[in-house]
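You will see chain A twice below: alongside chain B first, and alongside chain C after that.
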Partner chain A sequence: MSVLEIERLTVSFHRRDGLMRRIAIDCVRDISLAVARGEVLALFGASGAGKSLLAHAVMGLLPANALAGGTMRFDGRVLDARAQAALRGNRIALIPQSVAHLDPLATVGQQLRWAARRARHPMTTPGAVEGALSRFDLAPAVAGTFPHTLSGGMARRVMLAMTTASGADLVLADEPSNGLDAENTARVFRCLKSFAEAGKAVIVISHDLSAALKIADRVVLLSGGQVAAEERAGAFAGDGGALSTAYARLIWNALPQNGFSRVRHEA
Partner chain B sequence: MRLEAVAVGFGFGGGTPVLDGVDLALESGRISGLTGKSGRGKSTLGKILARHLLPTKGRVLIDGAAPVSSGFNPVQLIHQTAIFAVNPRWKIGRIVSEACLPDEALMQALGIRRQWLDRYPHELSGGELQRVALLRSLTPRTRFLIADEITSMLDPIAQSEIWHALIDVSEKRDIGILVISHDRALLDRVAAQTVTL
Partner chain C sequence: MGSWTAFVLVRLVRLALVLAGVAAVAFLLAKFSPVDPIDAYLGPDIARVGPEQRALIAEKWGLDQPAGVQFVKWFSRILTGDLGWSVTYNAPVADVISERFRSSVVLMGLAWVFSGVIGFSLGIWAGARPGSWSDRVIRLYAYILAATPTFWIAILLLIVFSVGLRWTPVCCAAPIGLLPEDVTLLQRLHHLLLPLVGLSILGIAQIALHTRVKMIEIMQSDFVLYARAQGGTTLDIILHHGVRNTALPAITVLFASLGELFGGSILAETVFSYPGLGSATIEAGIRGDVPLLLAITLMTTLFVSVGNTIADVLYHVADPRISSASETWRGVAE
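This part shows the complex of A and B:
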């Protein structure tokens, strides 16, 4: 059964046009998708395609001048503002893009304990924090450090440890491989895959298709705020003959490791 | 024309230097790659070659001589995020004509539309703005382009389109390009040879 179902989600922004008029700009239009337990769904698109807006709409973290339309359901129940506030941080977790999302004034250990407490599984036994860190190849000493001393890869793993501590059923990872080298990317992706294997639903947001394909079961391709294609991850192989849409084939064959084909894109 | 870094070193304060005794030579009309793990100093070397940074050791030479320090810089640097490289209060039309009037054929090759010229930078997408930054940098006096992860934020279609245009420009106008990237597959496609830092 689907953990998260999104039906015809639209996100628009209000902007002033001159002094008197207000106009609405649609940034996400009519997006429908679902993700089930044990599944990794990759959400692929270039910058500006609406990937992060979608994640923030699910979390209920859109900016004040944004308006979301459509219906979202979590575990079969309508996901409205009140449900989002109740589920955020315990049953739904977002792994944000950068170290800037960690609290700069609290140690890693404190933040890990807060994450566990928010989800009502407080870490009370001695060594619990260190144990949670070691599962992500982080030394016990990391618990006493502040976020600014962490590298990008370490910060990402701290956020993964916080997600695990929360015991969430739905994990959204926003650009988990951004700014990481190959070794750290593989590590972070292994962690995300292990979440799905443990029965969680995982949504990986990425502009790096080949990286996302390594762990995804399905891929939703976004373009200009809309769903341009939905494909099985396994169909991205060879010359793309198994792909069901022309757009997905175009993207696949433009990758340098494939055809690097020269196509005129209608921007 | 030849752009060279000779025994270049760079460090902050008394710490371990980011670069130490690095040599690199670029030829105009040739595309070379530069790769290496995060933190190895790839971007620092790019900035030194374009003289956005002065090396703490060693020299940068153009055709064996120290480059002139005023006037148009024949070595143009392009960043990963174009939005930080443009004036947010200028319209695109003014941005692309800062050094000289843009070439019509080049505008087409880079896929730049006329209607963008009347917009502000934040009204274009990342990929569109990167094309604008490239157009601005490719003047008749440009001899080298330092391309620091210029397509890593873009979708594969935009990436392929921009690189095919740059390969043509490099050949036609005898411009040397240094491609700084983590993407081995991309470097294998576009660069004649690749150096690992």
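This part shows the complex of A and C:
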């Protein structure tokens, strides 16, 4: 059963044009998708394709001048602003892109505790923070440090620890491989895969298709704020003959390891 | 730790240089001013003293010597702790300053704390929801007060609360005609109230505006977005992220504003006839009391410089990004 169902989601921004006119710009149009428990869904698209906006729309964290249309359902219930406020953090978790998403003036341990308390699973037992960190190969000393001392990979693992502490059943990872080397990327993706294996639904937002394919079950390709294709991850193989859409084949064959091809392959 | 000793040493040397520079400039200004120390000393007796006697006084005081020699003499006396004699109060300058400072420090200290606490709270409140009604009201209040001269506010307060409503006394630090030992704490506070309000109101505006801008920036930051995604409520976010991140700049502004506080106290004390350092400054200026005026100048310099230094040191101590980032690095092995 799907944890999250999105039907015809549209996100538009309002902007004043001159004094009187207000114009709306659609940044996400008619996106429909669903993700089930134990499944990893990769959202792939270039910058500006609307990937992060989609994540923020699900969490109810769009800026004030943005308007979301369409319907979203979480566990079968309509996901409106009130539901979002209640589910944010404790059922739906976001793993942001960079260290800048950690408060520079609070220690890692404090922020981990806050995240757990906000998710209504407070860490009260001594050593709980250190235990949560050690699960992600982070030394207990990390709890006392400030975010500026963390490397990109460590920061990502701290955020993974915060997500685990929240106990959420839907995890949205925004560009989890951004700025990481191959080893750290593999580590982070293994973690996300383990979330899915533990019964959570995972949405990986990425512009690194080959990295995302290693753990994804399905891939939704976005382009210009719309769904351009939806494919099984297993279909991205060989010359892409198993892919059902021309767009997916085009993207697949444009990857460096697949020959950088820019011509459209005939099915 | 070696860097800390160097840091403090550099600060001390800088402070000494600033004091010496201010001393030289203030002395020169006093020299070039039309104030004549002998006239100031004689006062009304000026008519009964002939040119020969004036020359004798000038010789005794060393006023016949070149300005450079006079400065060296005065400054070396200052260094030994002798600030000179105040003609206005007929007492040693050091005594006048310490007595005046004691009544001023209560006024300025309380005004400083109030403007800090109230200004910071208003700034946080306004900045948490920019564009809301509370923000508009606080901003309007802050803009108006930031553009209002201290003495005008002081006079307005006097007219309304002392003259019109008769809630507060019109002047002084205690009821007139009472011996200092007979004045109760309540009477002191009653007299302190209006000058305190006048002085605090202005400090509040500045701190509130600085805090508000910082707070707006914090509320739009990525880490506040993440805190929201974790399910943090607005109050939770304000308390854990807002206050933490805006406190440092606010404290810095607060310490850096000590100079303005001193300037404000001169005007407020004059309007309320409050016997503090501020009114002594005005008195010394009007009566041509050069030793007192120069000593107050040096003291103000010390006061403001120390305030700025504290602000500087606080930033280094309190911000983990500036303080010993390298030490933390070593403790964490990936």
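Operating definition for what follows: the second predicted complex is superposed on the first by the 262 of 267 C-alpha atoms of A that agree within 3 Å, B and C clash if a C-alpha of one lies under 4 Å from a C-alpha of the other, contacts with A are read in each partner's own complex, and residues count from 1 in each chain.
Note that in this section a contact is a pair of C-beta atoms (placed from the backbone, for glycine too) under 8 Å apart; a residue touches a chain by one contact, two chains touch by 3 or more.
As the structure is a prediction and not an experimental result, all values here were calculated from the model.
Steric overlap between chain B and chain C is absent once the structures are superposed on chain A; the two fit side by side. Counted by residues of chain A touched, the larger count belongs to C, out of chain B and chain C.
In the superposition on chain A, contact is made by A:255 with chain B only, not with chain C. If you stand at the C-alpha centre of chain A, chain B and chain C are 80 degrees apart, rounded to the nearest 10.
In the superposition on chain A, A:53 contacts neither chain B nor chain C.
Touch criterion met: A:209 reaches chain B, while chain C stays clear of it. Contact with chain B, but none with chain C, is seen for A:45 once the two complexes are overlaid on the shared chain.
Using the contact criterion defined above for the overlaid structures, shared-chain residue A:102 touches chain C, although it does not reach chain B.
In the superposition on chain A, no contact is made by A:129 with either chain B or chain C. Remark: least CA distance from chain B to chain C after fitting both complexes onto chain A is 10 Å.
In the superposition on chain A, none of the residues of chain A is touched both by chain B in one structure and by chain C in the other.
Within the complex, the chain A residues that touch chain B are 45-49, 152, 179-182, 207, 209, 223, 250-252, 254-257, 260-265, 267. Looking at the complex, you find that chain C touches chain A at residues 221-223, 225-232, 236, 240-241, 244-245, 248, 319-321, 325, 328-329, 331-334. Of all residues in chain A, only 59, 61, 85, 88-90, 93-94, 96, 98, 100-106, 114-115, 118-120, 139, 141-142, 144-146, 148-149, 151, 153-154, 162, 166 touch chain C in the complex they form. Contacts from chain B toward chain A in the complex involve residues 37-38, 111, 113, 125-128, 153-161, 163-164, 182-183, 185-186, 188-190.
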